[in-house]
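As written, the chains take the letters A, B, C, D and E, and residue 1 is the first residue of each chain.
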Amino acid sequence: MTLILQAVLLLGLIGITLAIIFGKDLMISVVIYCAFSFLTMLLYNIMGAPDVAFTEAVIGVISTVFFIIILKSIDRKTK
Amino acid sequence: MMTLINTFLADKGIYMLTLLLLSLGVAGVIVCNNYMKKLICMNVMQVAVIFFFLCLGQKSPGTIPVAMDTVVKASDYINPLPHGLMLTAIVVSLGTTGVGLSLLLRIREKYGTIEEDDMLRREELMTRVEKNGGKRD
Amino acid sequence: MRKTITIILLITAVFVPFIAFNVLPVIGDPSSAPNTHVSDHYIEHAIDECNSPNMVTAVIVDYRAFDTMFETTVMFLAGLSVIMILANRPKKKIFAPSSLKRFRESGHPIYKTVNKDVMISIIEPVILIYAIYVLFHGEVSLGGGFQAGALIGMTYLLDVMVVKREKPIFNLPKKRAAAIAGIGPFIYALTGFISIIGGGLYLEYNKFPFPIHQAELHSIGITAVEIGVTIGVAGTIITILNALMERISFDDDIN
Amino acid sequence: MTNLIGNTPVLIILLPLCSALLCLALTAVSKNLGSLVVKISCLGSLVLSVIQLCMVVSGGTIHYAIGNYAVPYGIEFVIDSLNAVLLVAFSLMGFLTVIFAGNFSDNKNHFKTAGAYAELALLITGILGMTSTGDVFNLYVFLEITSLSAYCLISLGGSRGVVSAYRYMLVGTIAATFYLLGIGILYATTGTLNMGDMSNILNEGGHDGAMLVAMCFLIPAFGIKMALFPFHGWQPSAYTHAEPGSRPLVTGVMGKVPALAMFRFFYCIYGTDFRFFRIALMLLGILSVIGMIYGSLMAMGQNDIRKILAYSSVAQIGYISLGFAIGTPIALAGSFLHMLGHAFMKGGLFFCTGAIRYKYGTVDINDFGRIYKKMPLTCGLLVIAALSMIGIPPTAGFFSKWYLALGAAGQHEWIYIAVLVLSSLLNAVYFFRLIEKVFIRQSSDLKTRWESEVLELPVTLIIPIVACFLAILGIGLFNVKIIDVLLMTLEGVGL
Amino acid sequence: MINFMALELRPLYAVLVSLIASGLIYVLGEHIRPNAREAITMVAAVCKAVIVYSLIPAVLAGTEIKLEVFKIVKGVSFAFNVDPAGMVFACVASTLWILTSIYSIGYMRGHGEQNQTGYFAAFAMCLCAATGLCFAGNLITFFIFFEVLTVATYPLVVHYRDAEGTVSGRKYLAYTLISGQIFFAAIVIVYSVSGTMDFVPGGFITKDMLPMPWALVVFFMMIGAGIVKAGVMPLHSWLPAAMVAPTPVSALLHAVAVVKAGAFCTLRVVLYVFGPEMAKACYGADILAWMAVFTIILSSFIAMRKYNLKARLAFSTVGQLSYIVLGICILTPYSTAGALYHIVAHAFMKITLFMAAGAIFVTTHKKDIREMVGIGKRMPVTMMAFTAASIGIAGFPFFVGFVSKANIIMGAVSMGKPVFVATLIASALLALTYLMPVVLVAFKKNVDNPEFDEGGDAAPAMLIPLVITAVISIILGIAPNAGLHLFDLAVMAGNQIFTPLM
């Protein structure tokens, strides 16, 4: 059962990645990267790695904040 | 049906999806025109590898690797080694992201753009200027 | 065109071998190679060898402590690199609070209902206490030095991003944070060195020259190391955050 | 004291590490203390590695288990004769670079200087660690330390440097990811991370598929890191625009360490019994042959001395991997001899470039005309290093080429000999162009930053130049001693 | 306790003396006065000559002088082995270094040359390499010195640092480096098939090691380096191009070190590596001999068409060097001795010619033969020496050229090769046709060229060496063994090679 859940979450991650690659707005990319990070955390938890999940949770927040700070000084729109 | 899917997933499916994620990440790094997106894709790539390692450590009846009792049996707990390794890998990825972001900021300041094709054009121009001894043609 | 070819090559290179060879173990198989050879030893001996019920902690700060030392160093290195790269940039004001200031002055409803200064000053100590809990409880339950450090970093992040105070809750500006981030891994390295003084090999906690029971020595070692990691990680995150936000510059503090 | 000597493998790495960690804090105490500590620690590391080499030569391979855990459970350092020799060369190069770098630092800003020193020390740490570790994951961590500090050092070289560093970072992270994936597959097959243990399990047989798949990831990974031919895209601009003070180390040593790791994987872990070994060698041979020709051809078209040297590195890495592709002990020894020699040649050439840049502020070879009258020592090294690159005896380059060719002849790979000859002729074209420019071209007056009647350069610039000069000739003339030491390890692993 | 005066160590000293001199000149170079630079050169030259001469008695007595300094590559030593053939070349090189040094001092000062530090340093380096070549005991030692010689000559060729010099420097490098690298590949192949590299009189390669087509390929790969340096057509074109260098350099190139090193390389490869039997069996010697014949005739014709004196002499060198190659390829003891002795003969004659040409250039700034009408009036001594050397080149009896050519012809006769005999005789006549006009023009009666009325002969520093060499070349013609027993050495070398076969 966990495997199916993992597969579904992975599919979600793949979808998010595609959205990031093809997106036109960097802010949206960054925000859905935050979601990506959250899904990853869930996934790690399901796989029985709470330590890694904990770390990923913290890191996900921090790196998203980093990204957003950077976005302040660069153009949001991309081709 | 359920067991069939489970067997397939356990055998190949999860690995396939992980590798797909990895390929997407690598492809993103190569294809994306925007340096910021390249950086995000780089993170995706690293997550895929971390995921791959954690897959290796799964054990179907096992619980999380925190000992509940003083006497432990190996088959009761999930393999802790990949977790340890991947903690390191995550930290490294955070470090790389930080460095990448600061480089990005710097590039934006020096060149005014973070798009690959603009950059290439600008670099070509700079090379030509350098060749002409500082004069623009 | 070149990119397309690269990607096609890449995907073939990744998938063909996997389809051609059945090289990976079945997920969840308790008898697969990665789950038997070394890992059994870690699971079964974590408690008696390292006095740490959390096997992951046992692995990262005892069995493979050397890796973790360099992992912390990587963090320090990242922080250092960020300030080196961003040094000599034109100094600007901290923009995050000032941009929020617009919200505040325009009378956004959120600023009317919640006094965020109060809120933050309640949340921050809680997070800090949690961080310390995670730090010292790492060998028993989830967490460890890295998470604790990241939490401390998060506290600072909240502090500088949300609140505009005269003095932040801990005043760690500029390069001082980087210097502190360096001290963290140094504590780690020093801990390892103590066991050399005690006559053992590097990071051999058993050989600490303290007259205590062996299991306790491991606890002391792990705790010391975790403190190092915490300092390193917290320092680094604060450094990077400062550098990215404040656009710190080395120019302003020429001694 | 004896206790400390027993811990040399780890102390060699700890010294630069601790100095780097404390560098910033010490600078807060006193202005120049941080950089001084880095210099001293690099010297200490050099001394220790020499002691360690003596120990290895007399007493055989050193196994150092960190934390005193039994082998597959903890991390292990394995110092065999190969590592020991390379450690001496790399730490010497590190020490020289640290001395050299002082001339390019910002004298007004002590913290920035200290930061640059810390980066350099960490780069040295990573390089030394990668050389001595015996654990595949530990190798990854050191690889990341090396890479991260290299990204930073490259980005410090001006606005072009930032872009080069960014591109290198993207490619380098792909390499690191592939490496992780490769060792992941090997871990999935063997359940261990220790190199020796892994080798034992893999050699029981039946793992050929997994080994092949892992190899598919490992070759690009190491290829990118060492700038082997099709993966070299990041390298020329990165080497060109790296921070001048650290450039000798970045260009001279950084590419060699992944080559060593590659050797470890294919010869020490996989072993020659691997079913696809010959095919892999052939592939590697083709790549290195193309790389040798391509690098030399590209270098011929450049005017910037840094670019010339950067492209020539692509060719020279080809020499090293050619030795791996031939695979007999003598060819492998040639490969490692070239690794040592090239570290000093390329490092030395960049020391010269740095010195010329320091004194006259130019890197265009068209401006080099007749500086040899003002800087005979620098130009002497420039010529010796260039001749060594071409492979004129009695410099180091000739002898490594000799062993490579001898190995190729032993395996009846005549085409490799032809390529070696062709490549050295192409090298000759651009290096003699450089020499011609240095010695022949008349030039306009160049402004000098350093006026002294007695010495042509500051002492801190002269020391590395003289040391490289001696090292190139020394490695050449005493190559048999080095080869004997190298063969202590290589006899067992080659074809 | 090592005996520092031991016979075995002397070849090493001979090499080191000039190496140290070169290093000293380069390092001190700009900081010391020109006198000191020249003094270093002279002292080193004399020391070297003394060391080399001191070895002659032992070699004549048949003593083996072998020295293994250290292992240069795995399995092979950096070895010196003094044998008669090497001794001949070493004597020539060290003797002529003294004379050339005196001459260069005069020339350089008289001409006010630049870059003298580099000049003297590179010159000493060349001599170091040439001596090393003579005494090298195995292929790799030989190759090391051979390449050092190649590189050390380069700064001399481009001495003037001008466009023309650069072009000829490139040409020189292209020829020598390519052939040198191919030589390297061949050495590797030879070592890997035979497992040895020591020179053996009579060769060490057998048919089992290298079957036929490969033997020829490897033969030419090895010989290529030699014949490029020796200027055998069609690989000669760097040699006339290198004429742009100052005259002492040309003298060095043509007489003392470089082309002779090529000829010597040919000798070593044909007779000491492949050996007469193998060289004959793989047709290498025959092909090379025909190439030499072709070169001898053609170069003479080209020389006639050149009016620049140095260029004419250059083509003369190309022809004369092919005598040596031909002598080696006839593969008899006589011709080998003749070829070796021709190294001596040609060295003394050609250096006289070049020194004379240089003296004319420095004194009157004339390069073209057509402008030299009546120059004998102003520079009688120089032109007398020139005449003597010219006659010697043509091979008149009682001149040194006769001895060597007679030996080569005797060898050709004994092998029954009438074409070679005819070639040698024809070329002697051709040599007369291109050198005599110079003499005739110089001493033309009834012409009163106002340019040559006053001024007197060349400066003594130039005049003395060239008179000495001219005199030596006459003395050696009358008594081939005079002084250094060079002829005996050459004959010994020939016998050593062919005795085991007979």
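To be clear about the criterion, a contact is a pair of C-beta atoms (placed from the backbone, for glycine too) under 8 Å apart; a residue touches a chain by one contact, two chains touch by 3 or more.
No experiment lies behind these values; they were computed from the predicted model shown.
Among the remaining chains, those touching chain A as well as chain C are B. Think of each touching pair as a link: the shortest run of links from chain A to chain E has 3 of them. With every chain reduced to the mean of its CA atoms, the largest distance from chain A is reached by E.
Taking A-B and B-D together, the pair of chains sharing more C-beta contacts is A-B. Ranking all chains by how far their C-alpha centres lie from the centre of chain B, first place goes to E. Innermost chain of the displayed assembly, by C-alpha centre distance to the whole-protein C-alpha centre, is D.
Taking the mean of the C-alpha atoms as each chain's centre, chain B and chain D sit 27 Å apart. Centroid to centroid, with C-alpha atoms defining each point, chain C and chain E lie 74 Å apart. One inter-chain figure worth recording: chain D and chain E are separated by 43 Å, centre to centre, where each centre is the mean of the chain's CA atoms. With centres taken as mean Cα positions, chain C sits 18 Å from chain B.
Shown for chain A are the residues in touch with two or more other chains, namely 3, 50-51, 55, 59, 62, 66, 70. Those residues of chain C in touch with two or more other chains are numbered 18, 24-25, 27-28, 32, 34-36, 38-39, 42, 54, 56, 63-64, 67, 71, 74, 77-78, 81, 85, 142, 146, 240, 244. Residue positions of chain D touching 2 or more other chains: 137, 141, 144, 148, 151-152, 155, 162, 187-188, 193. Across the assembly, chains come into contact as A-B, A-C, B-C, B-D, C-D, D-E.
In the complex of the two chains, the chain C residues touching chain D come out as 13, 17-18, 20-25, 32-39, 41-42, 62-67, 70-71, 73-74, 76-78, 80-81, 83-85, 87-88, 175-176, 178-180, 182-183, 185-186, 189, 192-193, 196, 199-207, 250-251, 253-255. Put simply, chain D touches chain C in their complex at residues 3-4, 7, 10, 14, 17-18, 20-25, 27-28, 31, 64-69, 72-75, 108-112, 115-116, 118-119, 122, 125, 129, 137-138, 141-142, 144-145, 148-149, 151-152, 155-156, 162, 185, 187-193, 201, 209-210, 212-213, 216, 220. Listing the residues of chain D that touch chain E in their complex gives 330, 370, 373, 376, 380, 387, 390-394, 398-399, 401-403, 405-406, 408-410, 417-418, 420-421, 424-425, 428, 432, 436, 439-442, 477-480, 483-484. By the touch criterion stated above, chain B contacts chain A in their complex at residues 5-6, 9-10, 13-14, 17-18, 20-21, 24-25, 27-28, 31-34, 36-37, 40-41, 43-44, 47, 50-51, 54-55, 57-59, 62-65, 78, 82-83, 86-87, 90-91, 93-94, 97-98, 101, 104-105, 108, 114-115. The part of chain B that touches chain D in the complex is made up of residues 22, 25-26, 29, 35, 38-39, 42, 45-46, 48-49, 52-53, 56, 81, 85, 88-89, 92, 95-96, 99-100, 103-104, 106-107, 110-111, 119, 123, 126.
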